[in-house]
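Okay, so chain A shows up in both of these, paired with chain B first and chain C after.
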Partner chain A sequence: MEIMRLVVTGPVGAGKSTFIRSVSEIEVVDTDRQATDETLLLKKRTTVAFDFGRLQFGPDMALHLYGTPGQSRFDFMWDILIHKAHAYILLVAAHRPGEFRYARRILTFMNQRSSVPMIIGLTHVDHPNAWEPANVGVALGYPNPFECPPIINVNATEAASVAQAIIKLIEHSTCECLV
Partner chain B sequence: MAISTEKLSSILQNFVTSTNDVEGAALVTPDGLPLAASIPGGMDEERVSAMSAAMLSLGERIGSELARGSVDRIFVEGEKGYGVLTSCGEDAVFLVLANQSAKQGLLMLEIKRTLSELKLLLA
Partner chain C sequence: MAVTGYLAEFSLAELFKFLEQGNKVGLLTICVLADADSKDQKNYYVWFNQGRIVAAGNTLDQQGLLRLISQRGWLGDRAASRLAQSCIISTPMGLCLKSQNVLNAEQLKLLFYAQVMQQVCALFTLKDGWFQFDAKVPLPTAEMTGLNAPATEVTLAGLRALKDWSALADKLPEPTSALVSSISGKPQQRLNQSEWQIWEFVNGAVSLNAIAKQLQLTTEKVQQIAFRLIVSGVVEEMPLVADVPQTTISAASMEPIASQSGAMGQGGATNVSHSFLQNLVGFLRGKA
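Up next, the complex of A and B:
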């Protein structure tokens, strides 16, 4: 049985924990705690170590999904998790452009430590203020669309949509391995 | 009544200076923000806080998921000393750093005593 470790990262409230809860076959190991910082503006509870979920993918591959905390004070967890990852997805809320710069910081942090394949998942795309994928790509530091990692829309609350994102991530990582 | 940070800090400072072999202590929120700290220079308060919260939450998860019951403390034993994490009521996590010559029994008693002082202020 092959195990593939996927990391789900992104700013606070992008939908990382929800993403994992939507598809995990086991009860998700979460480490939620009551939020006391600006996170409260978005939600009551926040991840402080990591989320862990598991998904069987075909007969001989198991996916282990690790969700990071969003706040940068937990960047030691980002570091621990990314070092073991085979691929990762950066979730960004498309309707909160104020967070794109922060998302880019996470991206830089990850890319300095790991060169595994990645894709960008946009959440909250149904919001009227949501940005277009191409524009988010530019905001995240990919002015050239040909150099930009794949960007897809994800509804983190919907298992089918999350599964699509995971398939995309695995496709992307297998085709990068072939090149 | 508002929580007095000065009082919290003075309890921590007192604890660190009066207990043999204790090098530092910090009180943080369960989501990893500093409340008060008296830690060795060179350690970043914010980082120490976040790590304490992450470790305690994982430890508590191990306690419940692997059927070890409620967790009294997380004990990190290193070559150069100890790191002990205890929860301090619902709203705080208490971290103590001690060197390798600390007597464990004494350390636990002192931690318990300090916890009850801290809890009074947080209540």
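Up next, the complex of A and C:
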């Protein structure tokens, strides 16, 4: 069985679990639990270990999707998941600048641990207070657009949008010599 | 789509770093409600050119600089207005008055200090406020001395003088995190002694807790200094991986994944084939 592993990471409420659910062909194995801290302000349940989804597209070919927990006290999971990943997508809610700091922290960690290809997926881009992609790029530490990874808009609730995002990540990965 | 938000979420220090790193040109407006019960609001304005602060004030009447000159008794209101009218629109007022020998270089520096350094540094004490950056606003030459300062230099000055850090408590780096350099070489900024001391530990391996112990400072103090270095753009916070805790999650929910697919098995990621990627993209295009 040939397997590609993609990690979906990002701050709490960016849409990681939804992203995986939208495209997985199996019932997503989640480890969501009742949120108890400030996360409760954003949503009732939150991922505490990881989400797992799968797409089997041939008798011996499958895509595995792993969603990281968004909260910092589960940082250890980032290390476990990124170590096995072929590529990752960082999801960021474009209308919540308060989360950019945490997204940047994730990026720094991932870039120190792994050099696998990555793209940035912006969610909630239709919100009136959403920041433009180029500005989110600067806020995440990419002031030079030529050095910035691809930034795409994603609607995590729509399978088609999620599929497009994964295609973009794969295309970017092939540029970065994944094979 | 504007650059907008609340300082309680995206602090002024982070905003200044963003504006400097993005080489932004335009007007930053900060709107603060006097208190929760009042509808009175106070606006502050900071103008940027290529990420550098060129002017600041609390009105948009283009008279702020002339008022500062008048307050110092260097020029009467009427005389200043008359001279200002003879200035070329594209020339900063301060430079124009200097070219007419009305002001000297030292007076311009004092004006810039009062207008930008003092007024903007005071904004770091704001607990909250709504902000918006408008890149379409032209530079206000009537408010400009002709001098400017990098936004992060003003941030450093503002945060060094800050006494009450409560509004920034949830934005400080975690005590368990380390710092990594985000620049090549040494910082160009004029760091103070405590900032240089923390800089010595920028290797991605020593937690802020450990730095505090070594330097015999409180962890809170080290977090504040580290935050200053982060918003100056010289370091990044890097979480250190803690030991995997005893999990309370049902192991049964994860084991089938690992055993059936081998997905999280031993060893790192092995490369996937071209045909695999072609098939996957074809499959996804059918869904997209």
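Just so it is clear, the second predicted complex is superposed on the first by the 171 of 179 C-alpha atoms of A that agree within 3 Å, B and C clash if a C-alpha of one lies under 4 Å from a C-alpha of the other, contacts with A are read in each partner's own complex, and residues count from 1 in each chain.
Throughout what follows, a residue touches a chain if its C-beta (ideal position, glycine included) is under 8 Å from a C-beta of that chain, and two chains touch if they have at least 3 such contacts.
All of these numbers come straight from a predicted model, not from anything done at the bench.
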Which partner, chain B or chain C, touches more chain A residues
C
Taking the superposition on A as described, I'd like to know which of chain B and chain C A:V23 touches: first, second, both or neither.
second
I'd like to know which partner A:I166 touches here: chain B for first, chain C for second, both or neither.
second
Applying the touch criterion given at the start, work out whether A:K84 contacts chain B, chain C, both or neither, answering first, second, both or neither.
second
Go through the superposed model and pick first if A:R5 touches only chain B, second if only chain C, both, or neither.
second
Which residues form the common part of the chain A surface touched by chain B and by chain C?
29, 31, 33, 48-49, 76
Could you list, by residue number, the parts of chain B that touch chain A in their complex?
29-33, 46-47, 49-51, 53-55, 57-58, 61, 65
Could you list, by residue number, the parts of chain A that touch chain B in their complex?
29-31, 33-37, 39, 46, 48-49, 69, 71, 73-74, 76-77
What residues of chain C sit close enough to touch chain A in their complex?
1-6, 8-10, 14, 18, 21-23, 171, 174, 177, 180, 182, 204, 236-239, 241-245, 247, 249, 253-254, 256-257, 261-264, 268-269, 271-274, 276-277, 279-281, 283-285, 287-288
In the complex, chain A residues that touch chain C
1-5, 23, 29, 31, 33, 48-50, 52, 54-55, 57-58, 61-64, 66, 72, 75-76, 78-80, 83-86, 96-98, 100-101, 104-105, 108-109, 112, 116, 129-132, 135, 138-139, 141, 143, 159-161, 163-164, 166-167, 170-171, 173-174, 178-179
